[in-house]
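Think of it as A, B, C and D in the order they're written, each chain with its own count starting at 1.
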Amino acid sequence: MKTMKAAKVKKHGEIGENCWSIWLEASEIVDEVNPGQFIHVKLNNGEKLLPRPLSICETDTSSNTLRLVYAVVGKGTEALSQVKTGETLRILGPLGNGFDINQSASKSIIVGGGMGIPPLLELSKNIPGKKEIYLGYSSTPFLLEEFEKQNADIYVSTDDGCFGYKGTVIDLMRYNNAQGDSLYSCGPKPMLKALSGWAEKNKIPAQVSLEERMACGVGACLVCTCKVKKENENDWKHQRVCADGPVFRSQEVVWDE
Amino acid sequence: MKTMKAAKVKKHGEIGENCWSIWLEASEIVDEVNPGQFIHVKLNNGEKLLPRPLSICETDTSSNTLRLVYAVVGKGTEALSQVKTGETLRILGPLGNGFDINQSASKSIIVGGGMGIPPLLELSKNIPGKKEIYLGYSSTPFLLEEFEKQNADIYVSTDDGCFGYKGTVIDLMRYNNAQGDSLYSCGPKPMLKALSGWAEKNKIPAQVSLEERMACGVGACLVCTCKVKKENENDWKHQRVCADGPVFRSQEVVWDE
Amino acid sequence: MNEKKINMPDLSIDLAGIKLKNPIMTASGTFGSGKEYGEYVDLNRLGAVVVKGVSLTPWKGNPTPRVAETYGGMLNAVGLQNPGVDAFMSEDIPFLKKYDTRIIVNVSGKSIEEYCGVAERLAEADIDMLELNISCPNIKEGGITFGTDTKMAALVVKEVKKVSRQPLMVKLSPNVTDITEIAKAVEAEGADAISMINTLLGMAIDAKNKRPILGNVMGGLSGPAIKPVALRMVYQVCRSVKVPVVGMGGIMTGEDAAEFILAGATGVAVGTANFTNPSATVDVLEGLESYMKHQGFSSVGEIQNAMKK
Amino acid sequence: MNEKKINMPDLSIDLAGIKLKNPIMTASGTFGSGKEYGEYVDLNRLGAVVVKGVSLTPWKGNPTPRVAETYGGMLNAVGLQNPGVDAFMSEDIPFLKKYDTRIIVNVSGKSIEEYCGVAERLAEADIDMLELNISCPNIKEGGITFGTDTKMAALVVKEVKKVSRQPLMVKLSPNVTDITEIAKAVEAEGADAISMINTLLGMAIDAKNKRPILGNVMGGLSGPAIKPVALRMVYQVCRSVKVPVVGMGGIMTGEDAAEFILAGATGVAVGTANFTNPSATVDVLEGLESYMKHQGFSSVGEIQNAMKK
């Protein structure tokens, strides 16, 4: 039986402006990870009961560790940021379906925005062939060094123009005339929506990783749903981001919200 | 304005069978303590909101520290026992009224049972004249070395006869024909009730320190009451253990419960 | 007490004529159809799997966000999303039938006809019991009115009893002035068991964005925060009716389960705890077993009768 | 918005014609008569001190234990112990009068006559408002019936209005099916304001000793655990009545207070939080002030109108 596991914190610290990196020892989990999957992290905090979903940023099978990169946005991530090296966290995973990597693509486009960027690192490592990677930040970049180690063309945009192109990552893709036969993306919903339009126009099959507030993380509670088009019908249904996603084909997502 | 204060843990560990000792740095508090007073300890635990009342076992004004000695009996004291040296706890105090020390007594009797023993250490230090100290434990004694440093005759009983006299501390007092003109006591209610009867019979004015579940600790919420006889009336009223006690004259307590 | 018995307490219970191997069930809506937790829990170990709410036709459920975390609890506003009774019968029952556990199906509806329709369809199904959910706070039509109105509650039970083949457990809403009144009314109409409590109606507000957190504005509060209210209501109802009660609301440990049984419950269900720990159901089971051993209880019935005062 | 205003938001409110310097009050029964917290809080900083419940004659209150801690909350069963209105008037009012804060007196009773008797005695007192407690769950006679029965609630308000001189705030019980019905009924009879919520009726069981923890068996649940229920009810009532509402239930921080005001409350009260931190009232006040500055609110009324949807 699978179960929540105690994972020892190997390394933990701020790697950028409100951007934290934590390495966890998680032997049985590490080998199973598909890029784009996430884990559920239970906080050692009586006030909050629910685990927090965080994408797996990268894995290191030699040391049996995996990395999460996160921003402090509320009480849960605040509590997480206080956890010290050597302490243990309870984690569940890997959860969800990762990206469906097109092994025969000659060139792939990878697009990340803000805290959607972390899972794209493990993805980039696993995608064969040529890659254009677009990374959009609000201001200071993070994980850039790690991406630069990938065999890929890296393009960076920032909202405030602090670094790289000033504007959205979609603006940058347009400006750059991005090219590829597969697109993978993770980021805030407005970005994914715009990207989905771009991909449709450019006839590139795109996969997007969505976020929604979660409880169980395993598909049982139905709180984490998103709207997905029904096949061959002018209707939609609710699907679970945790178990049916978090990665969806951009064309099947109903972007109305 | 008084307020809850952050107190640094200077030393913390088990000093006997399920008996813990914690030294806290609490500069402003230490100078004000009367023996028999307690402090409210707030746990760093989201599940439990209420502080825990713990008697001040002794103070060290030279290092501005005070000591608590406690048993792990539930989740709160369990969480407390996990606190490490160097961490801080939030504390409020000193609270309640301590013992009213009879400065002119020629001989005092001090009687403690179980976790009622800790506050009697600071008391013993402050009582002038001759002293007989009776300490009752269930099995292994604790704090005995500290009591032996006091200029007093120490008598020990244990329920299982592991150490000293086998039986209750009241049995031991009877056996020993305890003598004195003031009696001070803290311990479980049945012991205090028996003691109160003994004191009445022997015409010795006795003070007893009571325990009751608390919330505010400052006299506002009225959850911590005990029954106290009304003066010159055949009736009783509820008084607050936290603010009117925890020390009461044994003759005024209604022992029916 | 018999030493041998205490070493191996008998956890089995009789719930309205159905024998369960132990009192631990899943709370409807928190355990999917069992499949989702099958990787984490050996379903054979559970007394019963109570599946999510099933309605006559597919329901889409509420808009997101459907969850908000609160102090010691959570609000949900799923709105009974489900694929309808036909899909449920063809997909989920065959899966659950592979396990040696009881199957209890939570029945949802917006009208008496709809409740009866589901019960009629399920009459043909190989399941052990129906749980009539008259208490979902997330459905505007139906749910809230049935569960909080004594007459409507009695009426829907009466009608469903006419068409159902399996024993009928009725799930009560805590959002009422006097829950014993509803309990007595549904018992009088033939409810074979009562389960309680469903969630407390609550709300969370996002002060920064100045809006309700839930898409549905209000939602149902569950988790340890509500345990004192649940225990009180179970205690009251167990003293008002003769049918067995399945207690739930914030059960996280074996000791919590014991508290509900001391209050009078025959069985207990584990809900929100599954989200905190996917093995919660078996952890509660093991905790209850060890409680019984320590306290010298040889059967669940003994716990039910052990409360002092 | 005006920059100057945001640097110094106006926290004053008008509660049924009484001007309070800010919306932060104490919840009755959690702050004694003010004296007990006088060493920890500068009472001059509070909008109002709402004192503990006062009855016509002295009440002894319930047996101990009167408190049980629960997940994120606590149960109390004090049973309105108080020395009676005469002792209150001679001892506590003179103390509070030394401070520049409003005095609101919580009125308890077991019969309409008793409620009226207290209100009549207080008519002569130099206090600002009465809070009619028709909702204490710890009193078997009276309390629970008045607050959970629409007709009785209306009746007691009607009678007390005849004899009271100060504005009358009515404190509602959350242990009801539809709180808006009670709110509308007391408003119709002349209630000048509504305060809510009192505690949720709950219970705690000691599994080891197999008995209820509270001497009174059941008690009132308060603290952050109940905040979602309190917020929901305040939101509902603010949309049902025109009189101002004072919201409470689990307020621990300035942001919690802001949530209640966003839900529609004019003022807020801090209860259980005082036990966790004796400076809680002023901490909540400072937190609310800083929330207003950050969010650009220049007055409390602006928060009340800011809720989206």
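Everything that follows uses one rule, which is that a residue touches a chain if its C-beta (ideal position, glycine included) is under 8 Å from a C-beta of that chain, and two chains touch if they have at least 3 such contacts.
The shown structure was predicted, so the numbers you read here are calculated from the model rather than taken from an experiment.
In summary, the chains found to touch both chain B and chain C are A, D. Of all chains, the one whose mean C-alpha position sits at the greatest distance from that of chain C is B.
Chain A and chain D have CA centres that are 46 Å apart.
The distance from the centre of chain C to the centre of chain D, with each centre set as the mean of the Cα atoms, comes to 34 Å.
Between chain A and chain C, the centres computed from C-alpha atoms are 35 Å apart.
Shown for chain A are the residues that touch two or more other chains, namely 46-48. Multi-chain contact residues, meaning those touching two or more other chains, occur in chain C at positions 68, 71-73, 223-224. Interface residues of chain A, counted against chain B in their complex, comprise 45-48.
Contacts from chain C toward chain A in the complex involve residues 29-32, 36-37, 39-42, 52, 60-61, 63-69, 71-74, 76, 78, 81, 223-224, 272, 274-279. Of all residues in chain C, those touching chain D in their complex are 68, 70-73, 75, 148, 175-178, 200-205, 207-212, 217-218, 221, 223-229, 231-232, 235, 250, 255, 258-259, 262-263, 291, 295, 306-309.
Residue ranges on chain B touching chain D, taken from their complex, read 1-4, 42, 46-51, 76, 90, 92, 212-226, 237-238, 243, 257.
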